[in-house]
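All chains are identified by letter, namely A, B, C, D, E and F, in their written order; residue positions are counted from 1 within each chain.
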Amino acid sequence: DFLHALDEVKPLFGAAEEELSRRILGDIVHYSRHIEDILEEGRLFINQVRKDESSPVLSVALHGPPGSGKTALAASMSMDSGFPFIKLLSPEDMVGYSEMQKVQQIEKTFRDAYKSPLSVIVIDDIEILLDWVPIGPRFSNSVLQALKTLLKKQPPKDRRLLIFATTSQRSVLHQLQLVFNAQIVVPNVNTQEELAHVLRHSGVFSDRDQQQAVTEIQEMTGSTEIGVGIKQILEGIRTAKQDKDVAGRFARIMSQAIADRTAFA
Amino acid sequence: DFLHALDEVKPLFGAAEEELSRRILGDIVHYSRHIEDILEEGRLFINQVRKDESSPVLSVALHGPPGSGKTALAASMSMDSGFPFIKLLSPEDMVGYSEMQKVQQIEKTFRDAYKSPLSVIVIDDIEILLDWVPIGPRFSNSVLQALKTLLKKQPPKDRRLLIFATTSQRSVLHQLQLVFNAQIVVPNVNTQEELAHVLRHSGVFSDRDQQQAVTEIQEMTGSTEIGVGIKQILEGIRTAKQDKDVAGRFARIMSQAIADRTAFA
Amino acid sequence: DFLHALDEVKPLFGAAEEELSRRILGDIVHYSRHIEDILEEGRLFINQVRKDESSPVLSVALHGPPGSGKTALAASMSMDSGFPFIKLLSPEDMVGYSEMQKVQQIEKTFRDAYKSPLSVIVIDDIEILLDWVPIGPRFSNSVLQALKTLLKKQPPKDRRLLIFATTSQRSVLHQLQLVFNAQIVVPNVNTQEELAHVLRHSGVFSDRDQQQAVTEIQEMTGSTEIGVGIKQILEGIRTAKQDKDVAGRFARIMSQAIADRTAFA
Amino acid sequence: DFLHALDEVKPLFGAAEEELSRRILGDIVHYSRHIEDILEEGRLFINQVRKDESSPVLSVALHGPPGSGKTALAASMSMDSGFPFIKLLSPEDMVGYSEMQKVQQIEKTFRDAYKSPLSVIVIDDIEILLDWVPIGPRFSNSVLQALKTLLKKQPPKDRRLLIFATTSQRSVLHQLQLVFNAQIVVPNVNTQEELAHVLRHSGVFSDRDQQQAVTEIQEMTGSTEIGVGIKQILEGIRTAKQDKDVAGRFARIMSQAIADRTAFA
Amino acid sequence: DFLHALDEVKPLFGAAEEELSRRILGDIVHYSRHIEDILEEGRLFINQVRKDESSPVLSVALHGPPGSGKTALAASMSMDSGFPFIKLLSPEDMVGYSEMQKVQQIEKTFRDAYKSPLSVIVIDDIEILLDWVPIGPRFSNSVLQALKTLLKKQPPKDRRLLIFATTSQRSVLHQLQLVFNAQIVVPNVNTQEELAHVLRHSGVFSDRDQQQAVTEIQEMTGSTEIGVGIKQILEGIRTAKQDKDVAGRFARIMSQAIADRTAFA
Amino acid sequence: DFLHALDEVKPLFGAAEEELSRRILGDIVHYSRHIEDILEEGRLFINQVRKDESSPVLSVALHGPPGSGKTALAASMSMDSGFPFIKLLSPEDMVGYSEMQKVQQIEKTFRDAYKSPLSVIVIDDIEILLDWVPIGPRFSNSVLQALKTLLKKQPPKDRRLLIFATTSQRSVLHQLQLVFNAQIVVPNVNTQEELAHVLRHSGVFSDRDQQQAVTEIQEMTGSTEIGVGIKQILEGIRTAKQDKDVAGRFARIMSQAIADRTAFA
């Protein structure tokens, strides 16, 4: 039993579970069949690490546009693994760290993971962990080389490790030659049907409001394509809720988001 | 009651109120209907943070040309929120800080904010905080990565945080991939009508002086467009007041400002 | 009375007066009406700071070619202000300082100024203070960001501050986005009339010598344009004085100076 | 006898043997005649160092695409040498080291090797040891210069040293002018026959599954060329094993791998 | 009397005289009338500093190709000044200094000079002092800014300072905006007549040898132009002296030197 | 007598002789008349320093392709000088040194040399000493400036110093403006005759083997040109010796070497 196992390591590894659940505010909305495919693929990798002793380390990159749900999905899959060691490596916990302190923190997390027979490490926002900026570009080469090495390093005997890493900048991985064993693509909410699914699920929109919003967005943007992340859509719903004209405000916010994406793509 | 609440945190957080009021020297002149729209939108975000527990953190960027009134507007909206914790993060208070000291100051401010149920942080002149210079370009990557992370970080349970950030260099945000949940555009004083409104409101110009100034500017620049920030206009009025020929001097100063803007745009 | 007031702060602020007078070796030659215009404009800004409490801080950049007299004019205007605190911030006093030591020195000077109700700070050779070199370009970003912030920072209540800054590289200010409230342009000695005025005033040239020099320069350069700074002209007069053929030597030196300027413009 | 000799130095040099064997998880599959050629060439160099006293130091670079088996082959050849000192220099053991610490570690390994009459040093992933990133490019010049020097340096009298270095970035060696005495090229699994050999050897695929997989890959990629490293193929087999449709899943994984390689080549 | 005066400051300033004389190994050969012109111009600047109290600081750059005799000429002119303080600032005495140590040494030398009523500072090889390399280009900005400031700085009351600086890279001064009050150009040995003058003066060549050498050079290079520095010519004479065929060897060395100059110009 | 003199300084300067001899493993094969010319020219410079007191310092660069024999020739010439102080400055002895430690080591070596009336310093692999890499390019400016200065610096009275420096990257010297008094070019083994000379001298090849090897190389490369350094040829002979088919293996190795050189030239 996973929760039981986690309790056992808690004194050593901290409240990994609570941290990860906080990343899944609300639930995972199954607005498209891709969501189930992604979760299924996650289970495949979990089984490989659990059962095949020739795969003692396996690294999987989740990439997709900003706010598409990468962190929530990675957290969800890790929780489902039931592995006794689950740990989130996030830039949020390293604000103000020097490059070397980051490397040490990362290295320590891997060392901790090697103590458990089965472990998952979630590396969130890997491009921020790397201090990546496209101008220059600049990044922390120390962190990069540490990750390159650790993603490839064999754990000690009888230890197995699964690594999920999220990034909204797939090209960064290629430019930096940071190689993963497998890749999972997380999509935006792309069609009007998918958007409608999310709106319905929110409970904020009446059927008419929902239809009006979708129609107005199409009028404002002159297109039926959406292409916005689930996170931004949920945020937009919450802002619009404060306005008397919920549907109109939501349409304006979404159109702005769509226009911005187009302008800076 | 806001002032009361602020008093309570004062011992901890310092004279936030006084600092912020000093940014609103004189009042907010409603020289155009955009000003009211901006203040209205500010109220919307304040309400969202206050009422919706699914939006525990919300970040809003105010951008517009130099001197267009960004700081005054951000200060004004924060004061209106009535939130118990209001704090200004300004480069003025970090002259001579190392990159790391800045990061620590920023991080501390967020940690302080997480102690109050409802908080506003105003990050003023975000491009100066980032030590941004267009040649290179150069900037502090440590500060950037800290901001990226903190703007996104979930506050602890039952804590909500609204962040206003001002910048006169919108493109900097895009180049540095510094993402906000929402954006507010602050305009220049653009038309002769808007300028006339400001001049009238200043109490320095007679009706004839005002008309003469506007006319002379049009003659000197060969255009009816103004495109100068409210701050520079108010400063120009104060310089012109020292001259015997108030209207003429003001027209010369403004024409110079308009020419400079055009030359270096 | 200014001298009296200065005496009072002397123990605290050092011999500002003496330092500044040393920058005005000899007098200000009124070789053109622009000189009076510049001094007049200086008086305007001094009055604005003295009288208008809505202008607690005002920054003025003096820019012009090397040796055009910027430092002498800034020093002269500051002395004329009669403000109780007058301070020169010059790279000469910071040779061998680290970037951080410079920032601290600058910041301390502003802090000192805030202690006096009315203050003038002269920042001399701002591009050297910034360690600016056009190749790269390189410069001290710490000093730049400190200046950006301090030029904009509101002094404490009831304190007013006027800042004069000199530079021979106006474009540097624009490239570095270092913004001043106002700008004063200091010209070269440009016409033969202006040059003749300076030669006459020097007392070194007989009427014939003066005419001969001007004529020879025109012959050597093939132009009536001079375009050399007052400082270099005065230096040239002093070198020529050592030669038996004063006029001829002066003409050769000036022609060389004019040719050099053209070659490297 | 090699194992005996190794035992003797163990207290000094650590469990080199165990480390190296861990790099040969599973065995070396002879899927093509190139494999035997490579091992043969290795024996030639081993003999030269063993027998010719005019070759006291010899450096051999193994290069080939990622996952082509370089590390396993270098480890295998070193173990076969029977030399009393065998040591692996790997970035895995230097995570978080500063440049200088790396240089010291490398230098110490060479110094240790000089104590044994016959030694092999395997330098694994030399481009990671150099902190190489193609953007910039960036790399550790200290490590580079140390390697340049040590690869060339004469051991003390009566000491002989063979160096194997692996890299997946041959061009890096040329760009950095890092010269080896000899080069061994390690190929990908390139033909359908070679792939079939590996699948058969895995024991996971029935004859029909194997044929189906090869056929489907050809259909998906539209080509008979494979061009994937043995390591990735073995990993793919292990993932596919978790799926009910082993052949189909394997084909999809391989096609993806082939497509990725093409896209980023 | 100069030597007497120098003796007085010796305990403080060290054996300036000896150092400088060592730079004038052998004598100054007057192989062309330019040499006398240069020395004459030097005397002019010495007089200006000695006599005109409005010129308390004067900086003169000697520039010319490598080995053209800049250092010897600067040393010679300084010795002729008879000023009580004469000091050589040379990179030779700062090998291994950090940038800051160099700045301190330079600053100290100026401070020492300010203690004497009349001083000369010779700054030798200013581009090496600046750590200048054309690739990059790289240079020490700290040293540059210190020199910029010190060349311009007014000495204390009743102190006068003359600065000679040598460089073989005039363009460096312009690129770095390092401004001098005056410039002296030092030429190469350019004509066959000048070369013959030097050969005759050396006492090594018979009349026939001298003629033969000049003729052979012309044949080998296909030109009557020489364009080599006096220093390299004197060195060539000394090498050729070791050969039995003095004239032939000298011709080969010179032709090589001329070819090299052309190839890398 | 040289050996006697060396013995005298040994306690101070270490086993210079042994170090240098180790660089001349085996002998100098006179495979072409250029070898004698080079040694002759070396004797010329040695005599100049020994006999002419106006040449107290003389620097000679030996440059040629990798492995062409520069180090062996420099060592050989130094040993032949019979000077009492002979010292090798090699990157091999400075692995892991910081830039400053290198500068100090270099500077100390020169200081030591100044203690002996006649000295030779061999600076081996000057581009590695400079940490030179063509990408960037990067190099140690501290070491560069130290060398620039020391190569030019006059030794104390009655001290003479000859410097030999080796490099396989002549262009580096020019790019870095590192100037020597003279240059010696060391060639590759270029013709079939020269190669045959080396093979015969090795004693490994029968007459038929030798002819076969030369013929096969010509067939494989399609050219009679060799263009490989003596060092690589000797190494190739030693590897081929391990194979049963000596001539064939040698031909393959050489053809590969020739092809590599062409590919990366």
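Just a few scattered comments:
The working rule: a contact is a pair of C-beta atoms (placed from the backbone, for glycine too) under 8 Å apart; a residue touches a chain by one contact, two chains touch by 3 or more.
These figures come from a predicted structure and were not determined experimentally.
Across the assembly, the mean Cα position most removed from that of subunit D is the one of C. For the pair subunit C and subunit E, the fraction of shared interface numbers is less than half, so the two copies use mostly different residues to meet. Each chain's centre was taken as the mean of its CA atoms, and the one lying most distant from subunit F is B.
One finds 33 Å separating the Cα centroids of subunit A and subunit B. Rounded to whole angstrom, the centroid-to-centroid distance between subunit B and subunit D, based on C-alpha atoms, equals 58 Å.
In this assembly, the C-alpha centroid of subunit C lies 67 Å from the C-alpha centroid of subunit D.
Subunit F has no residue in contact with two or more other chains.
Starting at subunit B and stepping first to subunit C, the touching chains follow one another round the ring as B, C, E, F, D, A. The touching residues of subunit C, when paired with subunit E in their complex, are 22, 25-26, 66, 91-92, 95-96, 98, 125, 128, 131, 133-135, 138, 234-235, 238-239, 241-243, 264.
For subunit C in complex with subunit B, the residues that touch the partner chain are 44-45, 47-48, 51-52, 54-55, 58, 100, 103-104, 107, 137, 141-142, 144-146, 148-150, 152-154, 174-177, 179, 181-182.
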